[in-house]
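Next come two complexes built around subunit A: one with subunit B, the other with subunit C.
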Partner chain A sequence: MTSTVTIQDRQSKVTRWLLIPGIVWMSLFLVVPIAMIVYVSFWTQTTFNISSDPTLASWKQFFTSDTYTGSLWTTIRIWLIVLATTFIVGYPTALFVGLFVKSKTLSTVLLVICVIPFWTSFLIRVLAWRPMLGKEGAINIVLMKLGIIQQPIEVLLFTELSVIIGMTQIYCVFMVGPIAFMLSRIDRNIIEAARDLGAGFGRIFWKIIFPLSLPGVVVGAIFVSVMVLGEFATSGALSGRKVNLLGNIIVTQVGSLKWAMASVVGVVLTVVMGIVIAGFLRIVDLKREL
Partner chain B sequence: MESRIIKPALGVYVALFVLFLYGPFVVLTIISFQQGPDGGPQFPIIEWSTYWYRQIFGLTPPSRVAPLPFGEALIRSLVLALMTMVVSTVLGVMSAQAFRRNFKGSAVVFYLIVLGMMVPGVLTGLGTSLLANNIIGIERHWYTTAFATHVAYTFPFAFLVMLAILNRFDSSVEEAAWSLGVDPWTTFRKVTFPLIFPGVLSAMLFAFTLSLDEFPRTLFASGRDQTLPLAIYGTFSVEIHPNIFAFGVLTTLFSFALLSVYGILMAMSVRRAKKMAMQEDIA
Partner chain C sequence: MDTAVFRLDGVTKRYGDLVALNNATLEVGANEYLSFLGPSGSGKTTLLRVIAGFEAPEAGRVHFEGRDITNVPAHERGIGFVFQNFALFPHLTVIQNVGFGLTHGKSGLSSAEIERRAVEMIDLVGLSGMEGRGVDQISGGQRQRVALARTLAMRPKLVLLDEPLGALDANLRGRMRNELRAIRERLGVTFLHVTGSETEALAMGDRVVVLDRGTIIQTGTPGEIYDRPASPDVAHFLNRFNLFDGSLSRGSFTGAFGTAAVPQATRANRDVYAVRYDRMKVLPASASTDGPKLRATFIASEYLGSSVMNFFDAGHGHLIEMEHHLSLGAPDTYEPRQDYLLTWNPEQAIVFGREAG
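Up next, the complex of A and B:
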């Protein structure tokens, strides 16, 4: 009796020591930094300096300035649009890879094809859209050669549209992966049974396939949201500074040593993020699904 | 009947999807062969040449276009990625090992770790540099503050990979070792670790590649000396030349090489496991 107790004691001691380094690291370099952002957002900012005297000045400035509140709405708008486009682009692909492809090899090959672009540096992938979308870019050249357009389309580059196109391409794979995974786990017998009972594809899709793939959609949406909401490089490189996301504001503010303002924007971004993720987790209970 | 229409339609859709995914890379590769040093990063190709590739390796005479200042940045990034890889994999294996037993507060610890991949990099970078700059008052470096944020980002990935591996792990082999009186550390080293090694490799690969390409966290947290993504970002503001695209092609080839090494190591460890299993059968 006593010996089992000591073994359990020793094991829980081992568990504790295995966990402590990870917990300490994440607390020091993740939780404390985020708390710091909240704290500094109430500091007093002078032109080149910052002091810890508490003030609401930066917060007031954020909510009274059209630039800052505007960037909040831009961020939310771009996030919603990219969420929609990655879903529209990604879902049919996932449907094909996860459900329609019968051979395991082919679906693996297709997934690997989706992952290969990630071996190019993220920033260079963003930059590659410039010769693609520009006035003399690849898309305009191809469309003119095909005779579809006479004049080059100029709205393709350095607009909100180019940011959306770029982000869609960069992040759509994060939609494809989780959805394809959930689709591949669907028991084919259910679909067969529904078909035997006379259900058409539309009915099978809406009643069986889509609901069962929903956890994958949610995971993909969380991935895309986390990345798009914190973005600034794509908008910086492809919009010609016309699209200012919250991330862009943070970068400019830090660049001019306005730490307090950067922190306010950081807190706003954290709150938006928290609401979005909590909302998604409400739709689907991930712990139960996985 | 319907699947005869829907499946080909989806197939065409997937082909378009792949085109969309690869279009920029194809264009990037084409333009990397633009004539140099006068050719710009756009169409049309004036003349095909390998000028920009030669420039990266310092084989061209000095010209109007300065070579990319990437040499030291590349070394820093590789060292940082290696450091990050080692620390996150160790942390990941340790934490996942702890999660094999139920303990109080396991949900809290789980979310604390997973939070690292949920928080946007721009926020962790900002917070860490605030902490270093305004509270502790230390200088920021790629091997201190940026390293800390990189691990806080890649450790969750390593942890989840290891958790998935250890969830499927048959612990009866460990129990057999314990019952023979082998101490837990030796058991881990001789029994557990070789069995989970493929998972460890995946965790390492994850951590290395994520850290190598990590940009938002590094932007604020790395201080004066740039890592590779920062150096690339630096070329954004100035004029862009096709050399950046040539560099992109080269780094992609490097990634292919890295992944091949991973594939070979993986195949070797699988083969060794099979061989060992066979020997046991014979015995």
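Up next, the complex of A and C:
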């Protein structure tokens, strides 16, 4: 009995030592900065100065100004739309890569092809959409040459649409990856079994394949959500400053040294993300599935 | 056979250059338990998959209940398939698994009727009370029963079982063997059971089909197969014969044991002399005998409950097994590393040869 206690003691000591680097790192670079942002959001901001006198002024300003609340709703709207489009484009892709392609090698090659755009810098990927979508861009030129349209389509660039197109392309792969992974783990025999029992493709998909891929959908949705909610570059470069997400507000506020307002927006954004992730994690028990 | 429910006519299946099934012809009667025995790669699983409709044969026809079903898709054949790894739906409960085919197929039954039938099947395989469990919360043997119930719920006339006991531990395998037979007797459907285990094949099948390299090499009752294996390969798969190479000429076989008279031999493409384990006799090394004799060193014995297996080394690593049934009396004990003389009655040997008529 005495020896068991000793082993347990030694194990818990080892556990503590192993935890220390992680705890120190997370405290210094996550917990302390977040606490700091929350604290700064209550500071008093004047045009050229900031003081630590506590005030609710910045918070009041955020929730009473149409610009700020408007940008909160825009962020949520763009997030939901991009979440839907990445899912609509990503799921069939994942279905093909993860389930229909029988060779493991080929499915790995296809996944790598999906990742190739990431070999260039983020900004180049975003900016590359300008010559594609512009008034005299590739899409308009091709459509006009083919005689499908007479006038260039102007809504393609510097609108909400261009932001959605750009974000869908950039974040789609984060949806494809986790879903394809879950699909590739499905035992092919159970699909054969379902077919042998007389279920058609639709039933097999909705009753077997989709439920079993759901953890992948949730993980993909979390990836996409976290990245889209914090976005500012795509909307900055493709909307012509017409679409202001919370991320863009933070950039401008920080740029004009309005630390208190930037902190308020930062806290709001963090809370929104927290709610979204908590919501997704309620759909499936990831600990059980992965 | 007029009562044949199921017939294979010269079925051939190739994967590239590999011939997985070569001109397989077979008839299966109603209410029969047929076991397919063969080493891995012998084409037994391919045969089952062709019958189920998961694979299309290159040549030959498959007939079922008087109908040519060669081009009929799997789910319209009315043939059930039990997968080796059970292939249960991991996110569904026991009753949802069992009722899956009735709920999502073309059964057209009401949900109350589906539930009644699913419960009936769960009861039949002895899993009452587990309807609501997830399939990851039950044991391997119970999963096997769920897989069987799921197939039987569709009321197939023919059930194909692909190494159904392979994933179970030895103890459970023995019990499920009886269980499978009992369930089959109660329902009166035909079972085709694929296995790599000769014990399982002989114990379970009303008839045994032996396959090797894509070809059916013998079909018969377990007794026929056991007493009159059609070829050296069958004798080898049965794992109940000591096999000796040598040459058969003019009514006598010459091998490691000297020359023995051969009253009758079976035609085969090579000369092989086979003696059943329980036909072997052990004499002291100094004894003299008229029959065939083989000097061998005793290695060890194994107590099997109803019999004792004795292992001898006849030199060059040739292992000879001798089985002593305990019903015939207490076993003799032998000294390890001592030489003995092994002999047998040549009339009980089974001989294969190119010369045989």
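Some notes on this structure:
In the analysis below, the second predicted complex is superposed on the first by the 274 of 290 C-alpha atoms of A that agree within 3 Å, B and C clash if a C-alpha of one lies under 4 Å from a C-alpha of the other, contacts with A are read in each partner's own complex, and residues count from 1 in each chain.
By our rule, a contact is a pair of C-beta atoms (placed from the backbone, for glycine too) under 8 Å apart; a residue touches a chain by one contact, two chains touch by 3 or more.
Predicted model, so just to flag it, every value in this text is computed and none were measured.
Model built by superposing both complexes on subunit A: subunit B and subunit C fit together without a clash. By the touch criterion defined above, A:Asp196 lies against subunit C but remains apart from subunit B after alignment on the C-alpha atoms of chain A. Residue contacts after overlaying the shared chain place A:Gln150 against neither subunit B nor subunit C. Contact comparison for subunit A: of subunit B and subunit C, B touches the greater number of residues. Contacts of A:Thr46 after superposition on the shared chain: neither subunit B nor subunit C is touched. Once the two complexes are laid over each other on the shared chain, residue contacts for A:Ser103 go to neither subunit B nor subunit C. Residue contacts after overlaying the shared chain place A:Asp187 against subunit C, while subunit B stays out of touching range. Of the two partner chains placed by the overlay, neither subunit B nor subunit C lies in contact with A:Thr64.
Aligning the two complexes via chain A yields an angle of 80° at the C-alpha centre of subunit A, spanning the centres of subunit B and subunit C, rounded to a multiple of 10. By the touch criterion defined above, A:Ile208 reaches subunit C but does not reach subunit B. Think of it this way: put the two complexes on top of each other by chain A, and the tightest Cα contact between subunit B and subunit C is 9 Å. Common to the subunit B and subunit C interfaces on subunit A are residues 200.
Taken in their complex, subunit A has these residues touching subunit C: 187, 189-190, 192-200, 203-204, 207-208, 211-212. Taken in their complex, subunit C has these residues touching subunit A: 52, 54, 74-75, 80-81, 83, 85, 87-91, 100-101, 104-107, 150-151, 154.
Subunit A makes touch with subunit B in their complex at residues 11-12, 14-15, 18-19, 21-23, 25-37, 40, 50, 89, 92-93, 95-97, 100, 110, 113-114, 117-125, 127-132, 134, 136-138, 141, 169, 172-173, 200-201, 222, 226-227, 229-230, 232-233, 236-237, 247, 250-251, 254, 259, 262-263, 266, 269-270, 273, 277. Contact residues of subunit B toward subunit A in the complex are 2-3, 6-7, 10-11, 13-14, 17-18, 20-25, 27-28, 31, 41-44, 91, 94-95, 97-98, 101, 103, 109, 112-113, 115-124, 126-131, 133-135, 148-149, 151-152, 155, 159, 184, 209, 213, 215-216, 219-220, 228-229, 232-233, 236, 240, 244-245, 247-248, 251-252, 255-256, 259.
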